[in-house]
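All chains are identified by letter, namely A, B and C, in their written order; residue positions are counted from 1 within each chain.
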Amino acid sequence: MADEKSRGSDQELAERPARRLAGKDLLGIQGLSVSDIEIILDTAESFKEVSTREIKKVPTLRGKTIINFFFEASTRTRTSFEIAAKRLSADAVNISTSGSSLVKGETLIDTAKNLEAMNPDCIVLRHSAAGAPHLLARLMRVPVINAGDGANEHPTQALLDMFTVREKKGKLAGLKVAIAGDVLHSRVARSNIYGFTKVGAEVHLTGPPTMKPPEVEGLGVQWHNSLRELIPEMDVIMMLRIQLERQGGGFFPTLREYSRFFGLNLEALKKAKPDVLIMHPGPMNRGVEISPEVADGPYSVILEQVTNGVAVRMALLYLLVGGVE
Amino acid sequence: MADEKSRGSDQELAERPARRLAGKDLLGIQGLSVSDIEIILDTAESFKEVSTREIKKVPTLRGKTIINFFFEASTRTRTSFEIAAKRLSADAVNISTSGSSLVKGETLIDTAKNLEAMNPDCIVLRHSAAGAPHLLARLMRVPVINAGDGANEHPTQALLDMFTVREKKGKLAGLKVAIAGDVLHSRVARSNIYGFTKVGAEVHLTGPPTMKPPEVEGLGVQWHNSLRELIPEMDVIMMLRIQLERQGGGFFPTLREYSRFFGLNLEALKKAKPDVLIMHPGPMNRGVEISPEVADGPYSVILEQVTNGVAVRMALLYLLVGGVE
Amino acid sequence: MADEKSRGSDQELAERPARRLAGKDLLGIQGLSVSDIEIILDTAESFKEVSTREIKKVPTLRGKTIINFFFEASTRTRTSFEIAAKRLSADAVNISTSGSSLVKGETLIDTAKNLEAMNPDCIVLRHSAAGAPHLLARLMRVPVINAGDGANEHPTQALLDMFTVREKKGKLAGLKVAIAGDVLHSRVARSNIYGFTKVGAEVHLTGPPTMKPPEVEGLGVQWHNSLRELIPEMDVIMMLRIQLERQGGGFFPTLREYSRFFGLNLEALKKAKPDVLIMHPGPMNRGVEISPEVADGPYSVILEQVTNGVAVRMALLYLLVGGVE
């Protein structure tokens, strides 16, 4: 988190640890400390209950403006942030590329500075260019949340994944977590690798050899050539979305081949631990990286991930934007 | 309405009839009983006044989340639902295809299940495939409202049409209602046929022979080859939008021909009852199925239909989602 | 402002001058009196502070519905209106062309009449056709705000520009204001010419001879062939956006040429007054009509224009829609 946006004295921070994040950015899991992660997950826990009330709304961020600035199509992430903001009573303003003056050739920075001039309290940015949120954050006083930047990071996804695992398993440290599929191009994988290793889990990667990231050794994780051999040991198996448009790019022969070797089906799950968790960041390609039976089966926590996404984003908006106390 | 989502004991229902619809779906007029329709229209009557107040807002659905999930372009229906939700103090979240992860190949069902996982209180769906809302409703706990599905039904349109007629005429039973134009492809026609026949009106259809639905006899309505001959008897004449893209599809020779035989103009209206109501679901093709003089004339209740649409949708959201009492 | 929407007796108006605008349209600066402009700027001054509060929200327009009806892509203007509405506690509903039933061939008027039938309290319209808001305003009871119509006017931009200059200089009368660039095609230029001349400023225009409007003499302003020669005298220099798509249309030889003769850079600014204000309506083409050093330099009030845009639009919504008192 960018230090220059910090506020509050050290003593205050010691007394009210949540204030540590106030005014800062969330650019990636890489920049978070373990205690940052714990604060976020603990706060999310307390917000999760709000979405189950008859009146799903707290006044925490009344009079705050949250801008969802999305340069890539997204249903779940944008909707999740919008719902999170509204359940905190904030005003949510959505901007997507199509309606943006970026079509008129303005730079990302100018557009963002313009938005900042309207006194928002937080900008949530999704962009196809890795590093776009970092660029913005350096130039802006207002907190920036990275909602996915190119193939770099998708930190709110990793936080909701960690939240889901911690809720189900009661801990994160010591767990064995597999991340399987197109690791090379996946920002979800990257953020989860950073996150789960930070909190002391053991991260195992697998996928086609063409989808192995070059820096895997430096990340403190292990690469495996076979998903099948990995399954029996794992507490958590996270299947990545295969981007169908990569087909024909030489990354894998055919979808059928991909599915056979790197897809998760009931047969492959037979040797799994009885309390294994199956995760997927969505959107799923049913029948490709995951079979419908597994996606909808008893080990799957895929929809709970989505539910927890709202809680985690409420927590982040609360912690970064700072509410009425 | 789907029974499995019912709640409340029979005695409660007898005492508070409005609770009968709580938690249910609105998929079509076909599935509604006459008393369901009456409850909806009566409730709409009490909500209509809200939109005429200085402060057009009631706290009824505060803290509820309504998702408008639109797979087809729409101004009036989406806006009407959004305004209805906001006047009830609900949070409205709009999702349209272009911004949807459906572009990434996810199935409708997965997207909907994901939205449901964010704990909305109602999903309003417009989709080009007949039956899409029914599919969703079977799989989801949350009430689904059909905002138009292919050529099947557009039940909220029919409810607002019945509301408008009842308000003007003081009754529905016994009235003679003509529905004229492209009956074959019209979900508006289908829902109104079901609705007006249920409440005891006499429904007459007319249009080019190529646009006569095959099942017309089974619907309890009568087909006529001439709009002109039908006019003198009718209490209500509902003109359907001709979809200009059908031109050249062999359904009618030219727009001029269509207009001459199946368009409504002042000349044709001369023989109408002095208190006839002229309706159109919009958007109108002025000069094709309806002349500007008729659309804007004294018999037209076309804009009142739109006004009543907000009231009917407020009523539905209130009845299905259930508010604070 | 259209007189027929006026309300309140003359005496009331004398006592509470702000009521003069209640219920009227804002179609252009041309139709405003000097005291209308003063009322708007004074009101904006009192609203500006709201956006700097911890809780950036006042209940002024609670229960009002503002429709942002945009037929051209826009980030800043639409977002500015949306934020203005929400900070006044109004419900903002956005409609953009892509999602509009205008794709189905409905006329602008029918769409607008339909929106009006849903009882909104104000319609904000941006349209590529000059005069579109005037057409709407004639036909509708609800106030219409012109958010830019073709090459005609962009009155809210001129009001925020005048607001910014008045705030910085303490006055408007007697100031020398340059407007430089593609004056011919610029609705921003046109509205500012009307505005600054009305309030007694001296307006100077400059740009390529191909971009000189034919009616310049009748506007009470002076045309200059050289920006450089104009600079030393000016209190305010407003650079217009050059529309890159005009390149090749014969309006100027190359971007490099344009930039050299009609762009503003540090070199050209050397002879400027020490308290000159540099303005730009955005989006900027950095390095074309304005150099990055000037855009981000000490004389630039470009981002303050954006901040003031929210205040001016809050003032207009308040004055036209009329709030709870």
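As a working rule, a contact is a pair of C-beta atoms (placed from the backbone, for glycine too) under 8 Å apart; a residue touches a chain by one contact, two chains touch by 3 or more.
Note that the coordinates shown come from a computational prediction; the quantities given were computed from them, not determined experimentally.
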item	value
Fraction-based call for subunit B against subunit A, same above half, different below	different
Fitting subunit A to subunit C on CA atoms, where both chains share a sequence, rotation angle to nearest 5 degrees	120
Rounded Å distance between subunit A and subunit B, as computed from the means of their C-alpha atoms	40
For subunit B, residues contacting two or more additional chains	98
Subunit A contact footprint on subunit B (complex, rising order)	62-65, 67, 91, 93, 95, 98-107, 110-111, 113-121, 324
Contact footprint of subunit B on subunit A as seen in their complex	51-57, 70, 73-76, 78-80, 82-83, 86-87, 96, 98, 241, 244, 282-286, 303-304, 306-307, 309-310
